[in-house]
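Look for subunit A in each of the two complexes below; its partner is subunit B in the first and subunit C in the second.
What follows is the complex of A and B.
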């Protein structure tokens, strides 16, 4: 179920003194099974972009084609689009409203018009996917849960529609490190086990680097870079210039190269960075200098999740 | 759908009307409303008409902007006109056609009440178009201060107004976001009968209330952290002062009011 975006332009409040163009002439195709990372500074148009992919926003110009259907045309069943393309908003826990967790997760499936037994089944499945215990939380009010748990319930609410493509808008924003790791592991599993296409919006390179198969980098409403994480993260200076960074491993190698150490520029995961530093260490005659460098990097304060 | 809601129609500017003390503008608007209710016959609406024309000219407002303020009232206007036209009785029959009777008195009343409504709205929107909401609530606060002797909480009232105004855009943005989030889960806010639509509002209203209460709590905390303790002994950043321009405005308005009162006694 590819998603094709053709010359997408979006202007908020067109024709008013407050009109602002959030997306400018963006074209790309997202294939089945990809894990796309959408990167960009705050205000670069990431949210506006992803809200076009399930028809929540209508393009000012251009088309969005989901599964061969132009969803920007009049008369297209948006319900159909939304069950194919699930979108988890930023801070999705603020959308919870039902008396119990189970009822809230059932909201989506109910809107699709599924049978009672099928809804029940999906609620169980979705809660299992987000690693919540059905027996424990199903009857509880979502407002009694912790922030991290509320977010999982909200994600389950979207998963329960069994979308083929799952979009997550900054899913780790505002979580503590443990909550963040748990959500990231969960997303990785959803992609791997359910063969879902995943589109994840983030501005944290260390979150997205190890997961994504392709990165889209946005700046001021334009797609400025596109490619595998390896291709994108070697463009250190460009990334910095638009207010982003590169993963810690790539940053470390970059700084060492600046100091004159002969290190490659296309590595970013922890194991490959470690190996590069170790081989530098082994090859270098000046042992003391190389050792200090290697020791610093072998125990970084927080390990980058490996690819 | 939410795009259509315009809030606080304030049009920033630096004309003499914009610069007038908000207290002056509130008092003059009150005087203007009195004037309209004192107008005795449709012909005498020429006085408030000139008055409003002068004010909006000085404020740099266009005819279109004033017209826009009447637009939400168009159904009420038509209703007022039609009801008065057909049902106010009268003896000088102009048209008699089947069960429809139009008398001279009816026509006069219909015009009279419609004019009253139009002038009320147009005049007060000159006030809201040229005065920022914050200035308005400042003005109201000071004007209501004398009521302190009967324990009327004028400061608290003004503070509540200011906060409410401040949060309206935030709430609209929030509503938009929650609506989209529920639509992403297949919610439908736009079709179905009345009951279905009312039911569809629950997934929107519950999160909205929850977040409004959360915000209110956070704001109260932030205000207390900055030592807010009510209006007692509080000084202002912008001290309001009457100027020559205010005096002139008062004189012009007094003259207009006098003309209307004289005109009424002539009838």
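What follows is the complex of A and C.
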């Protein structure tokens, strides 16, 4: 079920003095099973872009084709589109409204007229997917849960529609480190185990780098870079120029290359950066070992040789 | 009035329910004038409760909290405490009250009964300090998150506090918004000697403060300079916190046989140290 975007343009408040083009002539195809990271500065159009993929926004120009169906045409059943493409907004926990967790998660399946048994099954399945214990939370008010748990309930509500594609807009925003790591691990598992296509909007390079199979980088409403994380993160200067950074590991190797050290330009995770640095260290042999000794005994500042 | 000791807590304890757990558990700490202290801890560790004790939004159920020497538990001190210690919260949309930026900054001053002729220069000065002068007549809803938070900071600043307490003020912002709010507050701290309590989940912000306090189950688990705290990689992880990526990499490299000194936090630090041994 590929998603094809053809010449998508979106203008907010067209014809008014506040008219602004959020997306300009964007074309791309998302294949089944991809894990797409959408990066961009605030105002780059990334949220506007993903809101077109389930028909929440209609393009001013261009088309979005999901599973062979042009969802921008008049008369298309948006309910069908939403069953295929689930969208988790930023701070989705603000949209919880039901008395109990189970009712909240059941809201979508109920709306598409599923049987009671089917709804029950889906609620159990969805809560299991987000690693919440059905017995523990089903009857509880969602508002009694912690922020991280509330966010899981909101994600479960979208999963209960059994979408083939899951879009998450800044799913870790505002969470503490523990909550952030847990949500990321959960998304990774959803992608791996359910062969779901995942599209995740983020401005955290360290979050998205290890997860995404492909990155889309947006700037001022245009798709300015596209490729694997490795391909994108090696374009250090361009990323900086549009107000984004690269993961710290990539930044470090970049800086060391500037200092003349022969280090590769396509690494970014900490383990691979460590390996590259250790092998460079090993290749330096005895001379540098002696220098390290000196560095050990002297204060760091004094031991720094002039570059 | 001169404020010599901006914040002092003496065994401060807070329980939400009478028989419940202590959200803040016998915390004794003193924050020297002009310093910027980061408070870290996972959700539920008591960070926000401690913050609210610092400007009398909560009163300690045990122990004492002194703001510029004033006991927050005494009702007659309430207004003075709030004037000395201003607070900025997480959600930029929940703390803007007026429809024009300038009026929003005026809100606190009006509440304090500051006469109008004195109010105007204080508002202008506050907006200038957060670099929002050109938006004085703008509608807050047209601003970015970072700009809204700077307006909130200006609102507190106009009240000329000795202490500013920011409770995850950057949590909902993008990286550039975070940087603009953090550096604005850091500058106010340095140039106007305002004492700052900076509550955050972002280790890289904490790394730039003078002192880092880690809370766990309502008690102080770690307290020291950023270098002291962030060199304890395992301990931080045990407490559910992140370690700045370069501190983590330094640890990995040490285990791989490289001898690197303690206290590497930033890419700059790492480049410097690696140049010494590569």
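Everything below uses one rule, namely that the second predicted complex is superposed on the first by the 284 of 307 C-alpha atoms of A that agree within 3 Å, B and C clash if a C-alpha of one lies under 4 Å from a C-alpha of the other, contacts with A are read in each partner's own complex, and residues count from 1 in each chain.
Here, contacts are C-beta pairs under 8 Å (C-beta built on N, C-alpha and C of every residue); 3 or more make two chains touch, one makes a residue touch a chain.
Since the model is a prediction, treat every value here as computed from it, not as a measurement.
Trainee: Looking at A:191, would you say it contacts subunit B, subunit C, both, or neither? Reply first, second, both or neither.
Mentor: Neither partner.
Trainee: Just checking: does A:162 make contact with subunit B only, subunit C only, both, or neither of them? Give me first, second, both or neither.
Mentor: The answer is neither, since A:162 touches no partner chain.
Trainee: Between subunit B and subunit C, pick out the one touching the greater number of residues of subunit A.
Mentor: Per-residue touch count on subunit A favours C.
Trainee: If we overlay the two complexes on their shared chain A, which of subunit B and subunit C does A:94 touch? Say first, second, both or neither.
Mentor: So A:94 only meets subunit B here.
Trainee: After the superposition on A, what does A:214 contact: first (subunit B), second (subunit C), both or neither?
Mentor: It touches nothing on subunit B or subunit C.
Trainee: Based on the superposed arrangement, let me know which partner A:86 touches: subunit B (first), subunit C (second), both, or neither?
Mentor: first
Trainee: So which positions on subunit A get touched by both subunit B and subunit C?
Mentor: none
Trainee: Sort out for me which residues of subunit C touch subunit A in the complex.
Mentor: My answer: residues 42-44, 90, 144-145, 168, 171-172, 174-177, 201, 203, 240-242, 245-246, 248-249, 252-253, 256-259, 261, 267, 270-278.
Trainee: Going by the contact rule at the top, pick out the subunit A residues touching subunit C in the complex.
Mentor: Where subunit A meets subunit C, its residues are 41-43, 146-148, 173-179, 203-204, 206, 243, 245, 247-249, 251-252, 255-256, 259, 261, 270-271, 273-274, 277-278, 280-281, 284, 288, 291-292, 295-296, 300, 303-305, 307.
Trainee: Which subunit A residues qualify as touching subunit B in the complex?
Mentor: 13, 51, 54, 56, 78-79, 82-83, 86-87, 89, 92, 94-97, 107-108, 111-112, 143, 157-158, 161
Trainee: Report the residues of subunit B in contact with subunit A in the complex, numbered from low to high.
Mentor: Its residues touching subunit A are 3, 177-178, 180-188, 202-203, 206-207, 210-211.
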